[in-house]
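Let me begin by handing over the structure; questions about it come next.
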Amino acid sequence: MKHSFRNDYSELAHPDVLSLLSSVGSKQFEGYGNDEYSIRARELIKGKIEKPSADVHFISGGTQANAVVISSILRPHEAVIACESGHICTYETGAIEATGHKICAVKSESGKLCADDIIGIVSSHNGEHMVKPRLVFISQSAETGAVYKKAELSALSDCCKANGLILYIDGARLGAGINSRFCDLSYADFANTADVFYIGGTKNGAMFGEAVVICNDTLKEDFRYHMKQKGALLAKGASIGLQFEALFESGLYDRLAVHANETALKLAEGIGELGYKFLYKPETNQIFPIFPNKIADKLHTLYDFLNWRQMGEETAVRLVTSWNAEEGMVNEFLGDLKGLYLPRPVGIDY
Amino acid sequence: MKHSFRNDYSELAHPDVLSLLSSVGSKQFEGYGNDEYSIRARELIKGKIEKPSADVHFISGGTQANAVVISSILRPHEAVIACESGHICTYETGAIEATGHKICAVKSESGKLCADDIIGIVSSHNGEHMVKPRLVFISQSAETGAVYKKAELSALSDCCKANGLILYIDGARLGAGINSRFCDLSYADFANTADVFYIGGTKNGAMFGEAVVICNDTLKEDFRYHMKQKGALLAKGASIGLQFEALFESGLYDRLAVHANETALKLAEGIGELGYKFLYKPETNQIFPIFPNKIADKLHTLYDFLNWRQMGEETAVRLVTSWNAEEGMVNEFLGDLKGLYLPRPVGIDY
Amino acid sequence: MKHSFRNDYSELAHPDVLSLLSSVGSKQFEGYGNDEYSIRARELIKGKIEKPSADVHFISGGTQANAVVISSILRPHEAVIACESGHICTYETGAIEATGHKICAVKSESGKLCADDIIGIVSSHNGEHMVKPRLVFISQSAETGAVYKKAELSALSDCCKANGLILYIDGARLGAGINSRFCDLSYADFANTADVFYIGGTKNGAMFGEAVVICNDTLKEDFRYHMKQKGALLAKGASIGLQFEALFESGLYDRLAVHANETALKLAEGIGELGYKFLYKPETNQIFPIFPNKIADKLHTLYDFLNWRQMGEETAVRLVTSWNAEEGMVNEFLGDLKGLYLPRPVGIDY
Amino acid sequence: MKHSFRNDYSELAHPDVLSLLSSVGSKQFEGYGNDEYSIRARELIKGKIEKPSADVHFISGGTQANAVVISSILRPHEAVIACESGHICTYETGAIEATGHKICAVKSESGKLCADDIIGIVSSHNGEHMVKPRLVFISQSAETGAVYKKAELSALSDCCKANGLILYIDGARLGAGINSRFCDLSYADFANTADVFYIGGTKNGAMFGEAVVICNDTLKEDFRYHMKQKGALLAKGASIGLQFEALFESGLYDRLAVHANETALKLAEGIGELGYKFLYKPETNQIFPIFPNKIADKLHTLYDFLNWRQMGEETAVRLVTSWNAEEGMVNEFLGDLKGLYLPRPVGIDY
């Protein structure tokens, strides 16, 4: 296997992150995230999002962040609205349902949710024989690599407010989302629009760790109880605090995301030039080219990546680039792809 | 504050652990604990416990390990038997109950459970109006610093087998337990006695991470599903695998535990020589001297540690030493203690 | 309002049921369903289904029966496969999710599930990042009034066995299903095919109560614990036992279902003769005629019934007849319908 | 077996209750408790408790009422404070824990809770590593037959208010409690003191059914969702409404409770006159005489009742009288007891 385009969490951590972890030596610190590093990291994040009143909590992974946040907010009969492709609907082994809550899933080809989707669910749930939708879950960037634009997010937020719904944004790839050249949203925009969101570390240079940001005051109370109960309050919380300090003290987080995005777009451009189409428009570090099955099969012998959707004689695959992806990988892949096959040539039946 | 004796997780990690983490550079690896480092760490652990058939899983913390293990085993109506002082009963914010299960708590001054305790619970639970006890939870070393001896563990195990109960051992401080000079149990003994146990990393040199060991074949199926659902399957599982590799490849784990224990016993010896008694006999790296309240108060101005039990004019405190505790800390504490006060002098009213 | 066709649970209970309840006077009996009446009712049911080895338990309602049965079977990571129109997916306020389990919902226009649906779900759920489908939920008769035929049920059962899945049948309207002239299945067929099913009393003459029948030996253990924990073990279990005795001692249950079905079919025939179509083929006591919106609106001023689906200028409505529906109600409805409007006349735009 | 003193739910229902159920014939009514009978029963109850603003909901049994009420109020990390002898702690198969909540159990010889007990729990639970006590559970009458007096209830209520705790009263035997000659509390007192309580029907003349009364406005929202989700919203809610109408339209509920209490006290008086002592002072329809084991054994051959506590050579037993207990039963029991043995005769070793 030459390289992996399977995901953006295949490398342990950015050297600056590891180096800050190694630097603290045997200094004694407070447990459970009350240490000086975590405090500093929280301040850096609150500065970045321009929301001094926000609460910031560090949690080891995304599935856990989603489950802790959502279960801390909902009463037993309340439900989540999310896209069918939303991570909580598919690849978290029913973590939300395990806390007792139904997810009302909406079909969405783009992987993004819109106000009409929300209204459809809200209006079809009337009365005590059905769950009560209460929280809207979206991901930025979405599982399809797409980004919400400012107008889209505002419309969602307005719809949520009008319907008494909480807006929660899964930011496992918030770095890629915000730093996409197709995204006109700032960190402050997220802080001003979402009730809660998280800034993902694992998929953008950290060894592990996500920063949950609670913007809505009414959702702050006792959040650490929920973390502890769900096993999300690490004894050595400093281990995450230090990583976010490294990522946010001088812009590393954004630089890594830009790099991952741009590498993916370079790859997408090259693939497009070879005549291939994409399932979704490439916007961030996840791209979904469509290859004839035979080509996809051959590429699998050289690279590690995911088949995303089987479409008869073609396969949409997912290629992901990380903060650490190198231009050489892109060129090698494009070279191999070029050599493999002439795509869709006129008059030849393959 | 001169030093902290508050706990054994105040320092980030042993240098060898951090150094191995830093050594892997930007190498790409498999996600979710299927990487080469985790595989190697599992083999090291299975060698250490002399149980090649065991399943080993890495989980980020103890509360999470307890919740994942216990909820993976019990049916909804089944319950846990544990000491009132057991960590799951007190300091895990109801994490076990949050997965739906009652804990039948047993009063135990020593912090250790015995067969009679189990039989008492089992025999008083008869029929469908009560929960059905199904799993016995003990900690080695216990929350009182005490260690189970071979005969005690055998008796518990026999009782569990006779009553169809699963024996689960919380090993947050298994290193301290096994390496106590008062403990005649080997790693293999645990693997041969417990149905499941975990080897705690967080409190013995790791930055975070516990190694859950499933010895009973009937409990192995689908364990990774439970991990994922509870947010315990880290994307970069290698981050824990690497740490356990560092701890178990050349005996570091045991050396660190021996050091922590011996430092605590030195401290205990010194305190005893000054005439103070202990709430529990010092056996591992947690010791519980009893000081007059005034002395405890003054010590609190110099050192960080926990008050354990208020006993009228005296306070039993908890002093914990870590793998990193230095002889200087012990001497300094003893010096200060000596200087503070002549304990319990005859004829003087204090 | 002249009459209600809203549902089949608008009348308290059949006179024979009430009369048996009133007959026992102040006789003392055992609690929690261990009384003589419940025992006799269980024997009657086991005779009817020709399965002496079955376990029969009485539960007060359908939502409770579904939740107790399903949560007693599944481990935390396991999921249910059901039609989107399945009662557990829609009108039980997330009762299954509240016990921690995801429902993998399948779109089905007919309201019935087929083997291909199951295989589709099973084959797309691979590995620990997703829930593990484990139980198949169907309803006989279905929420669309349709009945499974013998060949369909066999195919489902074979598919379940081949894939290690439990087959559970919600029999809220089992009476209507089995006694449909379109159904070639006997009680024994259900007992021989399903792992668990229930025989609904509430919707077929009882005041309340459903009889859960566990056919698969491996699912029997400790079922009463689950009932008790979920509040489903009535102190005076005799109150349900007596009702099932009344329903099953001399064929009342079947007679009531036949009556409800035949009344509905008479109504359907009349509606069809007036030129109206149906959303689903009428097979049991729930029928779904499609009326122009204006006609539906007018009918709502005279009768109580449910709008089922809005279809532009037409509405599919649901008309339900109970064991107590009278021929006069049918004639009155048809007369009113006839008088209201000439449906779909040629050349007239309405 | 001559008679059963095992409990107060051995007879199906009072004739007036059955007769009202039988009287409604085949009249169609609204489902899910929105029928005219339930509405009238609610009004009767609100009149009785002199609290027009209260919400009244009918639920089929006590375990279910407790689970629905408590889980509707608590957030995931919040816990219940209750006596160890409280029904939710012992005989409900972990129903509260199954909804995710720990019960902080307090030892209480009397079976009653006091403000000091509450303060003890609250003050020992500080911070996010422990559950957060939020709801106080008491039973009137208590599981020991004891009744709370006005001063006791006020003190509890004041303590709850001062500590931000919800006061919930399990009234499975509220009739016996309020109508005890030792109780100075009215229905209105309960409505003015408790945040929520329930009026038990099952143990006082109903076939089944409990009336949950929500007094605190902040706890009312969406309660029917919780009922439905937990399977507690009966399709034919009228079946409970009718029973409470029968019980409350002309004082039947109180008359039955007075009868049960007075019969028990007559029995207690007779037993006392024979020289036997009681474990708890007889106050309601549950009494706990202490018999030598041999006498208890012989009585078991004649009557059905429960052994409550083994005390060496003596056994405290529980004798319960129902609304239907007859004076003849009392006399027969006392006669048999007298005939059996001369209790504790001087100089004779038995």
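All chains are identified by letter, namely A, B, C and D, in their written order; residue positions are counted from 1 within each chain.
The working rule: a residue touches a chain if its C-beta (ideal position, glycine included) is under 8 Å from a C-beta of that chain, and two chains touch if they have at least 3 such contacts.
Just so you know, these numbers come straight off a predicted model, no measurement behind them.
**Student:** Using C-alpha centroids, which chain lies at the maximum separation from chain B?
**Tutor:** Computed centres place C farthest from chain B.
**Student:** Counting C-beta pairs in contact, which comes out ahead: B-D or C-D?
**Tutor:** Taking the two pairs in turn, the one with more contacts turns out to be C-D.
**Student:** Same interface as A-C shows up in which of B-C, B-D or A-B, over half of contact pairs matched?
**Tutor:** The chain pair with the recurring interface is B-D.
**Student:** Cα centroid separation between chain A and chain D, in whole Å?
**Tutor:** Taking the mean C-alpha position of each chain, the two centres sit 52 Å apart.
**Student:** I'd like to verify one number: the distance from the centre of chain C to the centre of chain D, where each centre is the average of its C-alpha atoms, in whole angstrom.
**Tutor:** 35
**Student:** Nearest whole angstrom, what separates the Cα centre of chain B from the Cα centre of chain D?
**Tutor:** 42
**Student:** Show the residues in chain D shared as contacts by 2 or more other chains, in ascending order.
**Tutor:** 76-77, 92-94, 98-100, 128-129, 131, 225, 228-229, 233
**Student:** In their complex, what parts of chain B are in touch with chain D?
**Tutor:** Answer in residue numbers: 76-77, 79, 90-94, 97-102, 128-131.
**Student:** Which stretch or stretches of chain B touch chain C in the complex?
**Tutor:** So the residues of chain B in touch with chain C come to 71-72, 75-77, 99-100, 128-129, 131-132, 222, 224-229, 233.
**Student:** Touching residues of chain D toward chain C in the complex: what are they?
**Tutor:** Touching chain C from chain D are residues 3-4, 6-7, 9-13, 15, 18-19, 21-22, 24-31, 60-65, 67-68, 92-95, 98, 202-203, 207-208, 225, 228-236, 238-239, 242, 324.
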